[in-house]
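Chain IDs A, B, C and D follow the sequence of writing; residue 1 opens each chain.
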Amino acid sequence: MRSYIIKRLFYSVIIAWGILTITFVLLRVGPTSPVDRYILNIAARGQDVDSVRQAIEARYGLDKPIIEQYLLYMGNLLQGKWGWSFSASQPVMDLIGSHWIYSFQLVLLSSIFAIIVGVGLGMLSAVKQNTKIDYAASIFSFIGISIPGFWLGLMLILVFAVYLGVFRTYYDTNYPIWSLENLRQLILPVLTLGIGSLAGYVRYTRSAMLDNLRKEFVTTARAKGLSERTVIGKHVLRNAVLPLVTIIMFDLGSIVFGGAYLTEIVFGIPGLGQVSFNAIFANDYAVVVAVTLIGTFLVLFINLVTDLIYTYLDPRIRYD
Amino acid sequence: MAKDKLMKWTGALVAVSMLVSAMSGCSAPAPKIADNFIEGDVSGGEAETLNWILAADASSFGYVGYTLESLAGYDNKFNIVLRCLAKDIEASPDGLVYTINIRPDLKWSDGSQVTSEDYVYTLKNLMFSDWLNYNYKDDWQEDVDGVKRFVVPAVVDNTTFTVTRKFVQPEFIYTLYDLMPYPKYIAVKYEGDVDAFTQAKEFNSLSYTGNLGPYTFKEWLKNDKFVLSRNPGFFMGRETGAPFFSEMVIKLFGTSAVMQAALEAGDITQCGIEPQNVAKFKKMERINVYTIPTRGYNIISYNQRNNGWEGLRNKQVRQAISMAVDKDTIVKKIYLGFAEPAYSFIPSSSPWYSDDTVLKLGVEPLNSKQKAIEMLKAAGYAYGKSGDRDVLLGKDGKPVKLLLVTTPGSDVVESMSMLIKQELADIGIEVEVKWVQWATLIRQYMSNKVPGSDQEARYNNGPGAISEEAWDLTLMGHNTDPLAPSGSRVFFASDGGLNSFGFFNSKVDELFAKIRSQEGLDKEDRRKMYQELSRVISEEQPVDFITYSRGNSGFQRNVKGIEPGINMGYNYYLWHFE
Amino acid sequence: MTVNTILEVSNLKTWFYTRRGIVKAVNGVDFDLWQGECLCLVGESGCGKSVTALSLLRLFDSPPGKIVSGKVIYDGIDLTSCPVKRIRQVRGKEIAMVFQNAQSALNPVFTIGDQIMEQINAHGHYGRAETRKKALMLLEEMNIPQAENALTMYPHQMSGGMKQRAMIAMSLSCDPAILIADEPTTAVDVTIRAQIMFILQELMSRRNMSIIFITHDLSLVREIGDRAAVIYGGKVVEIAPVDTILTAPAHPYTRGLIACLPDISADLKRLPSIPGNTPNPIDLPQGCTFHPRCKDVMDICRSTEPELVNIAGVHKVACHLYDNAGVDRA
Amino acid sequence: MTELRAEQGGKSRRPFFISHRLVGYYWERLQKNRLSLVGLGFIGFLALTGIFGPFVVQDPQKTDFNIKNLPPLGFSIQESIYDIRTGEITTTIIQSRPEHPLGTDSKGRDMLAMLVSGARISLLVGLLATGIAIFIGAFLGVLSAYLGGWVDNALMRFTDIMMTFPFFLLLVLIVFIFGPSLAIIVLVIGLTGWTGAARLIRSEALSLRTRDFITASKALGASDTRVIFNHLIPNVSSLIIVMASLSIPGVIMAEAALSFIGLGDPMSTSWGTILNTGQHSLDSAWWVAVEPGIMLFLTVLSFNFFGDGLRDAFDPKASV
């Protein structure tokens, strides 16, 4: 087991390094340059730009050859120096440190929401297969999967904030994370982000349950004289959970910089998504690489955890 | 006596009742320190850094300005308002030496006095240094027989210093007014090391600003909010007790739609308002909307370099095209009226503006398409048929097709290019609008070099130079300085650093030179020169000046002390809730 | 002879309403189970014997399955109609089941111990330790080696035989009055089969309980059964003591089956078999379901279904050949 | 079918275009799923609109500022013009016009026309990008499975890297760097979206590789390429089709999301780009944001319906 984990970690490092390099090269070799932004600003204020271009490049060490920049960056990284974000003018880690919580709470809450409701609904429609409830649930899940999150977000704002005025139109960071007000203002974002995953979970849960509902051990369980609740909730679910874990975990990894970002934009939540994308538009490679790395490690970590959960959930699986 | 006291109270009470939804209660007679002033802004407008010497964007200077006053400012009529200055800057009769007196009561955070030494150090060792490369050093340089040379600052005494130029530049004084100091005692630690300086804690957290601004830095959450808290020691607050807000917050929003919804809901105190919403907001009791002139203007620049349509090198053609683009339509359809036609780089709000000398192309009566067509014919261009419509034929006999290159993202710019396309179609010129990211615009269209030469591409490499990609028109927004319009020489002078469209006119060069010299010293003479300059440029039409836009700013009605105008914020530290 | 019937099944019909039509898997099964006997339900695969077994405890999938008629009387109550709560108390406690394939019948993600203890606690409450002790005893009774750690094993860690025995242990944990063993030996190899058969026989003698033993293998019937009920086309066509069935089968179908038994004494060129194949439960033949394959078919067989009638003592047959047999006796 | 499944261990599906009988069979199965037919219908309708629509409706880029912000039929809004001299504001009511049933945007472009051209773009992007992705995926998957050994290893490691990459982040990064044009967007989505397909098809091919008819044809001395193209590919074809139909909606969504955050091709009108402009006028011209969103939603929904039905048709046992 341990050796397996070690091997996995080793792989992770390799993968992370690969991704780091790809990102760095993309950013620094591409046609755009961090300086462009300065140039534009300076030009807009009616100032001669050509005289300062090299100056700025020099200021941020962009005039050095790309290889040298890469090695420099790697060197710092290995010393745990994540570098300086010149678009946010603060250390990259401070930037991330002050924003991650907003993405985290969003993703966490929406996942919890999606899992509870999704799995619950999925079980329900599986048990009530081919009933009205089942059809309703599956239609709902289709809709949930197909509705573009960012658009849904806009519509929710339009209806609930602009017209009905039930919610604020934007996210207010003045409320402490643990305050009720904060939870309240997260309702729409969580709904927006959660609905897609939720819909997916409904379908996966349903099919996973159905796969197992017809299994012989279910009849055995019934023959034991167990209550239907125990039969479904214990014997069936426990087996159905296995495929679900993979899907949920994978989903978790993928929404952080996908749906979460769009949701953050729509609702003005200053999360990591916002940070990373602004960094991209500012060509701020230190931030972009850092965020990408974090995202990568997140995914890798999730994969590892998934496998470990698996060994726990399914005694038939052993890694070595 | 007792009666109007009562009135005051009831007024306050009304205010309270109006405010409940907006902000937590405030109840004593104004002015008093209460609540937070929350200004809305769209995320694009966020500052880059608080270490302002490294900043290129206006917002950075704006953010810092709350905590660090410049030497002086202006009210809406461009009367000087002294800030850190003890008395107005006096220039020597020959206009070469400027003597600056700063107030004696300026303190850094450690309590030490802000001295002229700090200013001189900031200029000499920071702004003029090679290791730091101040982005706007140009303002502080003069051309000494082809070589750029910095002006010379010198300490006279604790509160007095001088800046000496080699040549006279009457408008240089306005650059001086904007000067802000760095604390020498901190800066020396980082001198020479650009990285250390860039990342210096003190500078990035403005922890040195002492009593130099009405507010002190509290928190900056990128993409979300910039928070300042009241500075009780503010040097100008001593008499008035200003500022009157316990916190000043700049809150960022993803879209202006959301921002305005927040203003409507009373969640924020002030924000800009899009033209289409002004009427709605003017109807609301709780909101005041001020319509004020801005420094922003749009231009269509005509590529007069060799890779643009040859016609554009002909003044008559340029005039004809400008004439065909109806500015009133633009004002009405795109700005819904919140703009005025532009005729030169000097806005009507500027003391140097002269209404009578400029050639008013594109507005009654000079906005007739028919006239434009005649002018084009007069310029030696024939019309032909393409399908059922008349099209302008180039010298080569082919229909003229112009390429308008611009950047996407701004609704105004997009709309304008569309409208221009429409307008020019009416005089038989087909315009193709091409959207490119501004990075591309700068690289492939604005920057130019003499073909084959080993020049490094710049905005203006002189007459022979052309850009990588051919283009005919671009549409851009720029800011002008109503007080010192001669800054626009970078666009219109032959050696102008932003003269990417290749306009070369000796008369213009000469006039700019004169304004920025001995001869410009006398304000009357300078006004005449400006009149002449605007005349020439509006006649030459190197670019089509389109509009100076009006800004709309919405405030919660209970904010008092506002003086609407082009420099509306000049007395912001006196604003207060009633 | 005096017997006391503990389970009485009469005219039990379990139909499955599928898209392709109504599958009449069980179509009027009658039999009764006596105290302490081993009744074998014999028949070819697909004849409905397994569904019959499931129907007794209403364990078939419903929908689509449905008991359309009949009674299953146990201890005075009708299991086909009694409330679910009631039948749940019967399941496992009074009537337990052992399934064909322990591999799939045991839940792969729980340890054997858990699954047995769960059964124990399903009816009546014991302390953790006591439950465990009970489970242990059961496993030992099934003479499973190192019962201790067998408790903590997962099904996939056990051999087929162990699984099957563990399963039986589980089914016995509430010592039921009736054990339904649905082809408990088909999935295992010969040696293990022997063990299991031995265990079952032992059980019957030790705890005096009744077993319904479902199989298609007449040799097993001979080995363990007291009586046998031959099922064809979802009906019991003949029911009698095992040796009667083996030596003097009455129903043509039973005769056929017996004839198919490989007899060591006689050497045959080829094994005989019943011509034709089992009827399709969706459209069962008119009249006697066996008539298409019956050598002695008569007109009446095509039209009317034969009743299950007593022909001698406890020997019942459903065949028109014996229509007047009962009359003779009278 | 059942014994076929038994013989194939229930995993694999039938090569579908080999036998017309099978095509018919699948078509029959597909028809059983009413929703998928509805989806197919809408997709067909969309395709027709995309192909012929642009010839029917007016030029989506044609602006006319005299009819800007026309509301859809049955609605009306107010527009106010400010007079800079008098400071007066005059408000006029704008009624919808029959010639612009869905209204116009802030530049007086006909919404209907724009939606139609959007349909064309969305379908184009969806099909092309998916095509590229599936092609690469199938190719690498089959290759990796068939050749095995270090090739397999290398390819799979690379797939891992691509898979762990925060997908949307990568998308934004590349599109930002190389400039937003349809070509780039299609390419990027195609070149990054193949990992899932590769994985699935690989495992499919692996299970096939060991089966008799492959061994047989090898025994008969068939060349690798022959085996791959005549046996492996055809046998995973149905899987490929299902994968394609199920990944198209994702692609369409990705394009829309990109355009929504301002990385759409400015030269073309896609639903995403309309949405992007629409979100800024949510309060003044809601329909600009609402209409493309609805189209997007319906399209993705139909593709999901159709893909789902297709999968069931090809493999009733497949989960979800």
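Here is the rule we use: a residue touches a chain if its C-beta (ideal position, glycine included) is under 8 Å from a C-beta of that chain, and two chains touch if they have at least 3 such contacts.
If you're wondering where the values come from, they're calculated on a predicted model, not measured in any experiment.
Participant: Which chains lie in contact with each of chain B and chain C?
Facilitator: A
Participant: Please identify the chain lying most centrally, where each chain is represented by the average of its Cα atoms.
Facilitator: A
Participant: By the contact definition above, name the pair with the higher C-beta contact count: A-C or A-B.
Facilitator: Between the chain pairs A-C and A-B, A-B carries more contacts.
Participant: So how far apart, in whole Å, are chain C and chain D when each is placed at the average of its C-alpha atoms?
Facilitator: Centres of chain C and chain D (C-alpha means) sit 55 Å apart.
Participant: Starting from the mean Cα coordinates of chain A and chain B, work out the distance between those two points in Å.
Facilitator: Going by mean C-alpha positions, chain A sits 40 Å from chain B.
Participant: Roughly how far is chain B from chain D, centre to centre by C-alpha average, rounded to an integer in Å?
Facilitator: 44
Participant: Which residues belonging to chain C are in contact with no fewer than two other chains?
Facilitator: Expected reply: no residues.
Participant: If I count partner chains per residue in chain B, which residues reach a count of at least 2?
Facilitator: Within chain B, the residues that touch at least two other chains are 258, 261, 437, 440.
Participant: Send over the residues of chain A in touch with two or more other chains.
Facilitator: 31-32, 157, 162, 265-266
Participant: Name the touching chain pairs, would you?
Facilitator: Here the touching pairs of chains are A-B, A-C, A-D, B-D.
Participant: Can you list the residues on chain D that touch chain A in the complex?
Facilitator: By the definition above, chain D touches chain A via 35, 157, 160-161, 164-169, 172-174, 176-179, 249, 253, 256-257, 260-261, 275, 278-279, 282-283, 286, 289-290, 293, 296-297, 300-301, 303-305, 308, 319-320.
Participant: In their complex, what parts of chain C are in touch with chain A?
Facilitator: Within the complex, chain C touches chain A at residues 54, 57, 59, 61, 84, 88-93, 96-97, 99, 101, 104-111, 118-119, 122-123, 154, 156-157, 167, 170-171.
Participant: Mind listing the chain B positions that touch chain A in their complex?
Facilitator: 43, 48-51, 54, 56-58, 132-133, 135-139, 148, 194-195, 198-199, 204, 221-225, 252-254, 258-259, 261-262, 265, 267, 437-440, 442-443, 458-460, 477-481, 487-488, 490-491, 496-498
Participant: Enumerate the contact residues on chain A facing chain B in the complex.
Facilitator: Against chain B, chain A makes touches at 31-33, 36-52, 55-56, 58-59, 84, 86-91, 95, 98-99, 157, 161-162, 165, 168-170, 172-174, 265-268, 270, 274-275, 278.
Participant: In their shared complex, at which residues does chain D touch chain B?
Facilitator: These residues of chain D touch chain B: 63-66, 68-69, 78-84, 87, 89, 91, 106-107, 179-180, 262, 266-267, 277, 279-284.
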